[in-house]
Amino acid sequence: MASAVANPRPASSGIKRLFERFPFLPALMILAVLLALNGLYQPRSVSFIGMTGLVKTYLALIMLAIAQTYVVFAGDIDLSAGAIVSLVNVVIVVLMEQWGGSGLSVMAALGVGLAVGLACGIVNGIVVAALRLQAIVATFATSIFFTGLALYVLPVAGTPAPAAFWRTYGGRFFEIPFVLYAVVVLAMVIYVLARTRLATQLLAIGDDSQAAFQSGLPVTAIRIRGYALCGIFAALAAFCITGDTASGDPLVGGKMTLFSVAAVVLGGSALSGGFGTVVGSLIGALIIGLINSLVFFVGTPSEWQNLVQGLAILVALMAGVLVGRRARA
Amino acid sequence: MPKLKLSGVSKAYGATVALKRGDLEIDGGEVHVLIGSNGSGKSTLCKIVAGSVRPDAGEILLDDQPVTVSGPQAARALGIGIFYQELSLAAHRTVAENISLPDLPMKAGIFVDREALASRAARYIALFDGVTGDGFSADATVETLRADQRQLVEIMKALAAETPVLIFDEPTSALDRAQVDRFFDILRDLKAKGRSIVFISHRMDEIFAIGDRVTVIRDGETVGTRRIADIDPAGVVRLMVGEQDELAPPASAPPAANHTGAGSVLGVKDLSGRGFANMNFEVARGEILGFGGLHGQGQSSVLRAIFGATPPAQGAITLNGKPFAASSPREAIRNGCAYVSGDRTRDGVVHGRPILENVTPIHYLRDRLFLARPSALRDKALPALQALHTKFATLSHPINSLSGGNQQKVVIARWLIDRPDVLLLDDPTKGIDLSAKADLFALVRKLAEEGVGIVLYSSEDAELLNNADRILVFNGGQVTRELTGTERTRYNLYQAAYEAA
Amino acid sequence: EDFKIGLSNGWVGSEWRTQMIDEAKAAAEKWKEKGVNIEVVVQSANVDVPGQIAHVRNFISEGVNAIIINPNSPTAFDPVFAQAKEAGILVISTDAEVSSPDATYVGIDQKAWGAAGAKWLAETLGGKGNVVAINGVAGHPANEMRVAGYKEVFGQYPDIKIVNEVNANWDQAQGQQAMQNLLATYPDISGVWVQDGMAAGAWKSIMDAGKTGQTAATGEIRKDFIDIWTKDKLNSGASVNPPGVMASALNVAVLMLQGKELKEPATAGQYKNAMYLPIPFIDSKNLAEAATQLEGKPGYYSYTSQLSIEDAEALFK
Amino acid sequence: MMNATLLMEFARKPLVIALLLIVALLVLGEALSPGFASAQQILRLLIVAALLGIVAAGQNLVILGGREGIDLSVGGVVSLSAIIAGNLMNGMDSGIPLAVLGCVAAGALFGLFNGLGVTLLRIPPLVMTLGMLGVLQGLLVVIRQGIPSGRAAPALSNFVSQPFLFGLPGIIWLWIVIGVVMAWLLGRTVFGHRIYAIGSNEQAAFMAGVPVKLVRIALFVLSGVFAAIAGICLLGYSGSSFANVGEQYMLPSIIAVVFGGTPLSGGKGGYTGTMAGAVLLVILQSILTTVNIDESGRQMVFGATLLVLMLFYGRGRAMRA
């Protein structure tokens, strides 16, 4: 028998389908507008050098936004992400210095840095997923702990990173800035990760963790893996920060946490989990960067710059949420 | 040798004993029906077998071997698959991903094998070819599907486990007849392949249509197992209710409809909106107007539109002869309109809050209260709850301490404190047990006699035929037939419901 | 001649910083008389180190001729200053030294500044007593150097004991609160080493506790405080970090942009790129003099000094 | 037997846990540094706890209202209010009424913005209030322009730190009054029941005629108002305001609520627990500043202790019950 149910539903338009497949489109549009405006007010800012500078400055935030995205997929959040950045930053800088700053010691220190990020992520995962503490408050607590650790490793900002390290990060190979290679590699990594089983599982948990558990998913283990991935990307963010600041600072990442959350939202992911893309978060981080520079380029008096930036980010956040919903509805 | 055997399984949640003594034996190649009133512990028992609930005591034997089901994953490994009553789907994932969610096919160790995913989905979707409805496809996100379609996905997901033991906990509650028929075909096929199937439903006809044996569970205890061939519906009901007083026999003759003299309390003219069009009907004071037809034909939408939950696109409504266009439930309630949804978890229950707070919200609004004085409220709430024979310890207990049926009674009771003029019943008995149903309909009739105008949509034909004075049959968002007096027969109802819209 | 100069201030927590920017802007105006047009673009905000790096990159995009920065970190700007240099931009840091070889520091020697106050305190106390220190923003380069300065001095006095050190972020209100707590915890404090803005707050707590007579504390250079100091005859001494340092740096920068060469290249300090400005010191002896400079100014106005264009020119060949 | 289980259940109540922990910490503090638990010291702690507790009252309401309710902008409102109050009273008692009015109005206004964004535009609260925090921080820079301005009126300072009745300063009384009003509001008013209703099941509340959006907007407005009141008191406490005084309250106010037994998912809990939670948190911080260890050690111990304490509270449901 033919379906007896005739529930009128709106024909799904092409645009809607497009937004469903690419939830970051609204963010991409905002990004384009911001780029145009930046170019309009300061043509040099969208030149090759200007753009390279933008990437250099915000690659760390991009990494951290990506880190945040993986936990947000599962409906979790990591308020310690910035503290992990600080911790990894001081650890690698101190190690690079102690090990003499040679190329080999730099690589070894980076390896340790990744391990530290991973360990922090796993700690968060255990605390949130295995011990079942509420993510917002639990990762706030771990952020205090990680900051304490960072202060222990390096009580005062200032130890310089070896020149070999930051000159590589800020340098060029075959006339192309290193960070652009980094971006290409990052794009590939994101592409690969998006196709993993873990990404799908995290999103399924974000939709309904109880349902996912009852379906037979090892929910706790998967969430811990999400946090672990977050920790790894936070460590990468720390590498970028270290490349860009060439020094250790036990508080360097603190302010980045909330921006990483904002970037995820700007990118069209749902904080409640189950829906979103990593690419969106990357775009979100760039949006924040472009807003900050645009506010300067249009000539905002210095005392007003913070306020205008705050307003612009709020408006962008709201616009992103609204446009995204309109488009999908 | 039984395939699966449970003995003395129990589970308590704090003070609530969900399952006292669950015994069950399932053979290979049988459909074993589990029946019992709401809150009797069926789902709890199923979840214990499926590993998602940890039992307090008892033994589970699989192929005569004692096993510990340590979790859903372990259950699958042991060969136990389940359809969850409340579903276990990921809303933003596709149908295909949901079907394979428990074990996504992998490629290169970390990637999802999209091809394998698609072909597996295609296999199970094909089983329901023709009855899945509009918009159903392997790459549709579950979020965009209707309730019945989601239930189908959950069925496919359970089937895809390809386990020797399959548990279906109320898999048909949102399905239409065609879908149920198809599902039963599949069950018969599985039975033929020697699978062991547990099937739960509150619909007597389904039980007799598909079951081989039936186990009755009452108040958390298994009271007995019978061969379907050896028992009739009345016998099953007797087992379910035990030594308590017999249920009133269903009205043999349809109640007389003599409301012509009474004025119309609710009038609907040319009403159209999302999911329905051109509605025209009147409800007289004291009348019970039935909405019939297959589910999802616009019955709920009309009721919700009248109630202001989704305001209609066009048309006119009159209440007590005056024009009435509620833009929100709030406004509708203030004007004497009441609405009981069958989906209590979503539309009714304020979870975790005391029973008292769950009975009083309408009263607050109708009486424009500012203060909530417990003693005064108690006096209002108790009679309303007693009218439905609601079982509860004290009014300050959280509503979740009650069984589903009793929760629904609490939700209904909130409309009885201040008498409404119009009562809209939107499949109000979904998932509540037989005695609760009887209580409810006795009360509804009493309200009608007191002059309330009542609209009753029910997905159960018997309920409609036994209680409605007049039935509007919905088909494709329109009323295609009105059944009055002696026309109200099952035959007419089916005919109108199934004819092409 | 036209120059565009970017001013970056990474922290707006104190009035001292506001005056610093204002004086720098005024100094730029002054160059008009000499026929030099200077456009200043300002980024002044509460930002972290990466945020201030973004400031610098914005300046590079803006195409400024010189950047004058009050930096949030001594070491973190090495890479971005290298980029600025590559783009042909002159970089000068002020108020806090930076390690970058691509920048020049024009300002006071913060360590000497810290030491000067400590020395006054130690001598005033006769070389013994319990001392507490109230510091600025932890980790801020200027703060860290000052701390190093007083530690070194107190280290030379075996009978002076630093019983506690706290951070009050260069904020008067926080300084007052910190002092209140310290007084409650340590009844026998005889000396307080406290930095500028916060000193007025600390002194208020000291006076509230009725310990004015028994306490010596370093002071500050805002008009409000100088007035109390004079009126209540406080036992105080203040080394001066003039907010005019950025204006001084600007004057030096313009001369450098004009292609002039320093008589003595800037090679002082731990990073060998510093050019130190003199550090005035105010105590009861020259208090009245300082008061005259501040007459008619608002309460938050700090005693200041700067290299005038002529002073600066004198440093160049 | 029955008594034992009753006792167990009682001991699992968040309020009881918090009170027990408070006592334990006081004993510990006294052991570490004699005088820690002296009456005078406890009074000082209570004043600080009152400041946090008043912020947490608003936070509590917003969280109770569910739909991921949270207000990250409270810190900004506290700072703003302290600055506005300082400017409006400028050291004079006569300016207090105007200051209170101005601050409350400002707090309500920003709360209203939050509420409108969350309900009308359906921006998730975390996002909306995070964005608002950025705006407020920018606004602070503009208003203050780096120049200190405004001072607490003497009466306000006395209110916060001088004994007022039975040896307790006014702010403690204010906090007690707020506690009583909150308990009454949540338990005995229709509005209170509606807060729980929308927090627990918004859809059901909507179908039962609760004006969902209005209630939620009211919660954000109240949160702004409470933060503003705390800002005024904070000005009285510190004498003058500094730019980011309020920042220290943002996440602690949430922790106080959680330690008080209101889960972040909303719909259950109450304010009495939150008050205990605020006291608990303040005592913990105070112990850590008392013991003489490095900042790094302090933070590590603080973070780890918070985690351990959280284990006593509203841990999420186990997947497998």
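The first chain written gets the first letter, and so on, giving A, B, C and D; residue counts start at 1 in each chain.
Keep this in mind: a residue touches a chain if its C-beta (ideal position, glycine included) is under 8 Å from a C-beta of that chain, and two chains touch if they have at least 3 such contacts.
Being a predicted model, the structure only gives us computed values, none of them experimental.
Peer 1: Which chains touch each other through the most C-beta pairs?
Peer 2: Ranked by C-beta contact count, first place goes to A-D.
Peer 1: What is the distance in Å between the mean C-alpha positions of chain A and chain D?
Peer 2: Spacing between the chain centres: roughly 30 Å.
Peer 1: Provide the C-alpha centroid distance between chain B and chain D, rounded to the nearest whole angstrom.
Peer 2: Those two chain centres are 43 Å apart.
Peer 1: Averaging over Cα atoms per chain, report the distance between chain B and chain C in Å.
Peer 2: Comparing mean C-alpha positions, chain C is 74 Å from chain B.
Peer 1: Chain C to chain D: how many Å between their CA centres?
Peer 2: Computed value for the inter-centroid distance: 37 Å.
Peer 1: Which residue numbers or ranges of chain A touch two or more of the other chains?
Peer 2: Residues 210, 213, 303, 305-306 of chain A touch two or more partner chains.
Peer 1: What residues in chain C touch two or more of the other chains?
Peer 2: 12, 45-46, 138, in rising order.
Peer 1: Among the residues of chain B, which are close enough to touch at least two other chains?
Peer 2: In chain B, 52, 71-72 touch at least two other chains.
Peer 1: Going by the touch definition at the top, which pairs of chains touch each other?
Peer 2: A-B, A-C, A-D, B-D, C-D
Peer 1: Going by the contact rule set out above, which residues of chain B touch chain A in the complex?
Peer 2: Chain B reaches chain A through residues 47, 50, 52, 71-73, 75-76, 82, 84, 87-93, 97, 101-104, 106, 110-112, 130-135, 141, 146, 148, 157, 176-178, 181, 274-275, 294-297, 476-477, 497-498, 501.
Peer 1: Any idea which chain A residues touch chain B in the complex?
Peer 2: 1-9, 20, 195-198, 200-201, 203-208, 210-218, 274-275
Peer 1: Across the complex, what residues on chain C touch chain A?
Peer 2: On the chain C side, the touching residues are 9, 12, 21, 41-51, 53-55, 57-58, 60-63, 73-80, 82-83, 87, 99, 138-139, 141, 144.
Peer 1: Could you please specify the touching residues of chain A with respect to chain C in the complex?
Peer 2: Touch list, chain A to chain C: 42, 44-45, 47, 49-50, 53-54, 56-58, 60-61, 156-160, 166-167, 169-170, 241, 243-247, 249-252, 254-256, 289, 292-293, 296-297, 299, 301-303, 305-306.
Peer 1: For chain D, which residues are in contact with chain C within the complex?
Peer 2: Interface residues on chain D, with respect to chain C: 137, 141, 145-148, 238-245, 295.
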